[in-house]
Amino acid sequence: MAQVTEQPRKWGMVIDLDLCTGCNACVTACAMENNIHYTGEDEVAYGRGLYWMRIQRYWHGEYPNVGPEFTPMLCQQCGEAPCEPVCPTYASVHSNEEQINLQVYNRCIGTRYCANNCPYHARVFNFFDYEIPAPMNAYLNPDVTVRSRGVMEKCTFCVHRLVHARIDADTQGDPSLENEVTTACAQACPTNAIMFGDLTDENSPIRTLFERSERGFQIMEELGTFPSITYLKGGGVYGGRD
Amino acid sequence: MITEPIHLALFEEDQINEAAEAISILRSQGVPDRNISVISGVPLSEHILGRPMSWSRVGLIGLVGAVAGFLAALAITYLPVLIYPLNVGRMPVFPIPTTLVVVFELTMLGLLISTLLGVFVETITPSYGPHGYDPRIAHGKIGILFTCPPEVDCESYDQLVALGAELTHNLQERKLWP
Amino acid sequence: MAAETSYLTGARADLEQSELAEEHLMLDPRPREEMNQMVMEAMTTTTPVYWAWVGGLALIVAVCLFGVWGYMTATGIGITGIRRPVFWGVFIVTFVFWIGISHAGTFVSAILRVFKAEFRRPFTRAAELMTTFGLAGGAMYPLIHLGRVWTFYYMVPYPNARWLWPNMRSPLVWDFLAITTYLLSSTIYLYLPLIPDLAMARDRTTGLRHRIYRLLALGWRGTEAEWHRLRKAINIFAFAIIPVMFSVHTIVSWDFAVGVVAGWHSTIFGPYFIIGAILSGVAAVVTILFVLRSTMRNFKYFIRPEHFDALGKLLLVFSMAWAYFFFNEYLLSWYGGEEAVQRILTLHATGPSAWVWYLMLICNVAIPWLTLWNRRIRRNPLAMFFITLAINVGMYAERYTIIPLTLGHQRMPFDWGIYNPSIFEISIAIGTMAMFCLLYLLASRAIPLIPVWEVQEGQMAHSLKKVGKAHVPSVTELE
Amino acid sequence: MTRPKPWYKHGGIITGIVLLLLILIGGAAAALVFTQQSPDQPIQFPHRTHVLIGAQCQYCHPAVAFSAEAGLPSTDKCWGCHQQIERQSEQLDILASYVESGEPIPWVPVALLPDFIHFNHLTHVDSGIACETCHGDVSQMTVAEPQTRWNMGWCLECHSRTGEENFVRLSDCATCHY
Amino acid sequence: MKSKISRRDFLKLSGAGLATAGVLTGCGPTSRYVVRQPYSSMPEFGQTGVSTYYATTCRDCTAGCGIIVRTVEGRAIKAEGNPAHPVSRGKICQRALTAVQGLYNPDRITGPRRQARGGGSVEEIDWDQAVEVVGQALQGNAGSLAFLLGGTPDHLFDLVTELAEALGAPPPVRYSTLQMFEGRSTLIAATEAVYGTPAVPHFDMANSDVVFSFGANLLEEWLSPLAYTRQFRQFRQDAAGRRTGYLVTFEPRQSVTGGSSDLWVPVAPGSEGLVAAAIGRLAAEARGGGVPPAFAGVDVNAAAEASGVPVETLTRLAEMFATARQATALPGGNALGHANGLESAVAILTLNSLSAANPVSIIPVEEEASAPQGSLQAVQELVDRMRSGQVSTLFIHGVNPLFELPSSLGFAEALAQVPQVISFASFPDETALASDYILPDHTGLESFGYQRVQAADRPVLSAMQPVVVPLYNTRATADVLLAATQQAGAGLDYTDEVAFIQSRLRPLLDANDPDGLFRADEMPTFWAQFLQYGGWWTQSPRLEPAEASASGGSAIRPPEPLQSGQLHFIAYPNKLGDGSVANRPWIQETPDPMVTATWNSYLLIHPDTAAGLGVRTNDVVLVRSEHGELETSVYVYPAIRPDTVAMPFGQGHTELGRWAAGRGANPAVLFPPQANGAGDLAFADTRVTLSATGRRRPLALIESLDGVYGEGH
């Protein structure tokens, strides 16, 4: 790390609900990227699936004018995260460098307070040691810690990718390497409904959308959590015909 | 310390007036207050018995403990974040409202623990006065322990007995603790 | 004391006096030695039934508490019924319950002492013991409910090589500090007034017991200096432990109230929880007084209907206060109109677990209000036993409503979840209940449960005074 | 009349306590000593000799220059030199047997961090941190020896010396934990 | 390349699991327990600690998406989209994402074996024996050989076709449940009827402003979900982020596509073609200039009545279609899987000719692409041959007929008549376990190959290459067949699989297309680039606009009316596709988009119908058709016609390992064995009756039913 004095970044995400088809590819991509354990039918049925990301599906209207409303829900990486101050051990802590909300697994003692206090229900808990039978554990991503029983976990904005991109940019002297980084969900999203980028970067394509889109809103803005994810309202009529 | 023989005048539990009278007799006999001590099964205040105020530093020790707790609270709240600041929920690094909670608890903890320590320390500190004991105290009896020079003995004994006291002489000093 | 009897003449006065003596412990003095003997007898009498209870409870503690806890530590917190989004369940409910119970001793012996409520005298220690053992049970839960209990020391502020200390901004750390403070200070507060009685017991025992009492009595002789010191210390405690008591349950309530959880984020939670805690604590005192009175020798002398009567009045007042806070909390949340909160309040009353909510209201409001206004019911120990049991069931239901039932229905209906406590959680809750009873059973035979010197002091201060033609009890300020 | 011995002076109890303490202290000491010893390696690889003849660390551990991990040299790499030079040690026969069988050499890693720490050699090498800062002076070692100082405070202490604005980044939890 | 990879050694982190456990609990020196095995010789393309990325092709459906697999030290870590690939363009679906869970599945078959059918004794054999078995089978009567392959147009199909030709055996029979569900044979037949070319047409959805989807679940499971989802994105929003496009879906059950559409029209199953024709007629009238002969005979009122769509709606939609800049009508599986499917497909395709700009084009076809598609008809013929004892050896690869085929077809009984069944399955699926030999092929991530992409906007030959060394003692089926052929002396002179693939690449190399992704002078370079880029394709789209030949369509029979108590039953593929991926835990755990259910089957039912039946979500019902019955939990689904129930395909395995077996129910038992005019299964003509069982089996849902549907749901 030769020179590390530039402005800290603020990573952000824009999710266009109009483009989201609810296909759940992001959910699987997140799981496969982040070594998320599957838990099995009974545990999922009891609300213990380890989904760092899930797509909420509500219905609107009555038959036959009925339709789903999809909202991909993940950690909003709040600027003022309710989960952070309540952790007694600093396991949930704000990153000054990435401007995201970190979960430090080895510091977590499993009070689960953060999860209660997360209005987005973005946190999931390792209720057991989930075993992946050999040889299936071979696909585990070496960049991501395998969480053990008793710790909380959540979406990290693929922080391992961010860190690696930064290291690559620093050591190769090419800052653009850092701009290309994206999260697993955004990478997989077939309609590009999920867009990821650096909000401090003037040229970042999501900066305008994040700050100025007339469809933009943030979930539970009224709680003052200052999320790093802006949703673009879907379903409505804007710009085009009808 | 006290090498003179210890005498004990025991009164029944309802003979408070007599006990007070006995003390004034002893005093008039020239037994200094420091050579008298009263032992009882219920707390009897100095005013009742006409005794000089005894003093205790328990309050002071407690106060010192409270200050120590206060300082400890400030130290564990502020020093670690000075060394290694961690940001949570965009709270200030030194948030006063949350600190108050910690400060309050640790101050009280300091106060209360040191009060106990004060009681303990003062108890095991050697004290003045005759060191006798009679288990009948816990029966409610009021005992007056005193030492006095041999020349005043007979007269005062009679007076005490006249008040209803049961006299015991040359009490063995018993080690009660540990 | 009895010096005033000479004023009373005639059969009517005798009758009045004996009635009053039967009614009031303070007016029914017995020689100190006799009381000592009664207490010592109660303390040293053990029956096979007693040992059967001790053995049974010890077994329950070993299996249901420590056995299940060990199993849970080995397999994971998943054997409980906790799920997303209800991350706190029976453990935290029971934790709050025990912390609430622990307010009994402080309330009885500190607040009533400060205000010189004389009826407190015979049962201050019984209440103090509840505080200590209730806290001991409650303090285990923050450990039990941890996902990784073997790393609990991350919460302890101690110098370490990581440069990392606990987060002093977290209510859980406050909890940790407050409970530690309260546990230590209430134990000390139990111990200080015990010293003269330990000395008494020291003089009346031999062998191992004698040596232990001797050690604990700190060489107590009963000199003026010792009494003075003790009184001063007790006074400091009585005044200092009251804010600590308030802070403890306030901080417990802050565990919930500081959050953004709908239905938790309420400024009234502090006093609401305190009143609830005192209600459940005082109720638990009544329950345990009934048990002591009916199982221990000689206790019918010390614990009389007048005490149930007085505590019953307190309970009624606190039940009303609780209802006031409940209504306040409910009305303002409802009126405030935040959708999520309104939905939760509606679901409490109509949802699948509404019976818990109704149980809470019946036990905390209906039962006390319907019964405790009646002096005869208040003076009936058995009735009071059942009423106070019901109040504690109601308070448990209140905490259950506040914790899992509120967590399960937050702002995102998609992620609602219904929590079903598992057999293991319930077993651990029962285990701590058994541990409380076991400790109490053991303590009842280990320390004098009646503060004899305080009773005697009270009896010395009480007398009958003739006012007009009536004889009324009067209290002399001896201090 | 002799006073009964207090319970804490009974021989059995004292012996028991002493034994318990010995076990605890002994266990802790053994654990300490045990962790500070080099584990058994399949080959007593003499780091010292290789450093003395001028081999650079990166010759055998080249991955430090481009990846998070240092990597272990392949058998081929060892053999590249050693098949050319005279075998002066029986340890080389072990190497030869591995080469013949094609089995990987089962080295026991010594410089091993827990799974939740993502140490990156690349950045440290890139910013000019010498290998011996962390790994000790291998020119004095045969097989690699564990270093005692690896803990988080030590990492942070070094990071804090990089200057204040760098420390914001280098003290970020996500620097190592993700 | 191949030899290089087989030389690669693993860095085995054998103790890592132990180390993790030890360290996370904070105990002890982990170095005691970890043994790290370095390479004995470092592969030049692998560097310690650096990821290596391999481009290959996903084999989990027939779309042929290019994927890139990240590997670290010989382990496949994650599949990602290939950004250069014209089908996936860097994107990826759930199924491909979990490919590594297929690769590392602990239930894989680890080596060739001979076994007693139906789970009796298993005898491990070696590959020499295996090749000999195949060789002897090939030497026998060529006419009594039968090859049953999956629907993927890949190198193996080409090889087997060539082999069958050389041996004089009947050509391989293909079957793919996914193609059946999208009615691909019907689509191709209809394309031939309308445009004169038997091909999968390309619909230009991206540039359309109105799209009518007749049962095409293009966002989830249609010709090429990723490619059409990308088109959907361009259709939905223009480059400036303005909302464009109007999507109307005509389907009885609201699919993911229906959910994302602007208007969902719940038409009666089987009436889609009628609706299309009615809209065609109305649109033509609205546009003026005469009604095409195909729509001339349509009675709009009858169509409205049969479909349940009011005439006003039809008129409004027809006007929208007529006035659009470019309108597209998509013929999807739900519309085609009926007895009148072919006629419907023709009507829907013809509707496109009413668009102001032509949205349909045809990719210039290679000669292989015209090879017969898999269809039920072909399988039925095979079953007949088997049943009559005309088949002595049946080779099965890439398909699981015992699970996928309608049980009413009688494949299981016919299989019993075949003396020797050789399966090449990688996993112990139902058919593999009912075979005499399992000679396991590599899984997709371990093997070489290519796949012709049928639903792209340009010719694409997508490359497959191993990303890791084969885990087990498996062997490429192509290699086995080639070795056996040489033993049998059948005259295919390819040394191995790679040689065969390269021989098929030769025309591309020779053609030296200037628009090709890369060009090379000789095969090794071409081969290297082929693998590096993940295939060969032209750099710009190459589409030929399809001109509809103005011929009159035949009349569309309206669907049979339901008898009392009967309901339409529609099976549909979701994330599990044809069910072959049901053994991957994360695909099971991934929630269904519309239902949020995981790990099991469910029957979608309209709230009113459910209320009439007295069932609620999670109640178990008995579903009975003329051909079979099954039990499954109900999910009360607000977006389905009241006269229709629907159920996803893919669960109900009795075998296939720990995560698939014994889970859910297989709707294939309900299907009628009838085919439509193009030989595709008329699966949507299934009629069922429901009865409540009184039992309850909660589904593993992500949603809270109370929260989403209100209390008591």
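The first chain written gets the first letter, and so on, giving A, B, C, D and E; residue counts start at 1 in each chain.
Convention: a contact is a pair of C-beta atoms (placed from the backbone, for glycine too) under 8 Å apart; a residue touches a chain by one contact, two chains touch by 3 or more.
Bear in mind that the values here come from a model prediction, so they are computed numbers and not experimental data.
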Checklist entry - Under the touch criterion given at the top, what is the topological distance in steps from subunit C to subunit E? => result 1
Checklist outcome for this item: By Cα centroid distance, the chain farthest from subunit D is B
Item to check | Nearest-to-centre chain - CA centroid comparison | outcome: A
Item to check | Chain whose mean Cα position lies farthest from subunit C | outcome: E
Next on the checklist: Of the pairs A-D and A-B, which shows more C-beta pairs in contact?
Outcome noted: A-D
Checklist outcome for this item: Distance in whole angstrom between the CA centres of subunit B and subunit C is 29
Next on the checklist: How many angstrom lie between the centres of subunit D and subunit E, each centre taken as the mean Cα position?
Outcome noted: 52
Checklist entry - Cα centroid separation between subunit A and subunit E, in whole Å? => result 30
Next on the checklist: By the touch rule stated above, which residues of subunit C touch at least two different other chains?
Outcome noted: 151, 163-164, 167, 169, 173, 412-415, 417
Checklist entry - For subunit B, which residues are shared contacts with two or more other chains? => result 84, 86, 88, 91, 98
Checklist entry - Tell me, which residues of subunit E touch at least two other chains? => result 20, 24-25, 702-703, 708
Item to check | Sites on subunit C touched by subunit B in the complex | outcome: 1-3, 31-33, 36, 157, 163-165, 167-169, 173-174, 177-178, 180-181, 184-185, 188-189, 191-192, 196, 199-200, 202-204, 214-215, 217-233, 236-237, 240-241, 243-244, 247, 251, 453, 456-457, 460, 478-479
Checklist outcome for this item: Per the touch rule, the subunit A residues reaching subunit B in their complex are 78-85, 87, 90, 92-94, 96, 226
Next on the checklist: Please output the residues of subunit A touching subunit C within their complex, sorted ascending.
Outcome noted: 43, 46-48, 56-58, 73, 82, 85-90, 107-113, 115-117, 119-121, 123-129, 148-152, 220, 223, 225
Checklist entry - Hey, which residues of subunit B end up touching subunit A in the complex? => result 86-91, 98
Item to check | subunit D - residues contacting subunit C, complex | outcome: 6-7, 151-154, 156
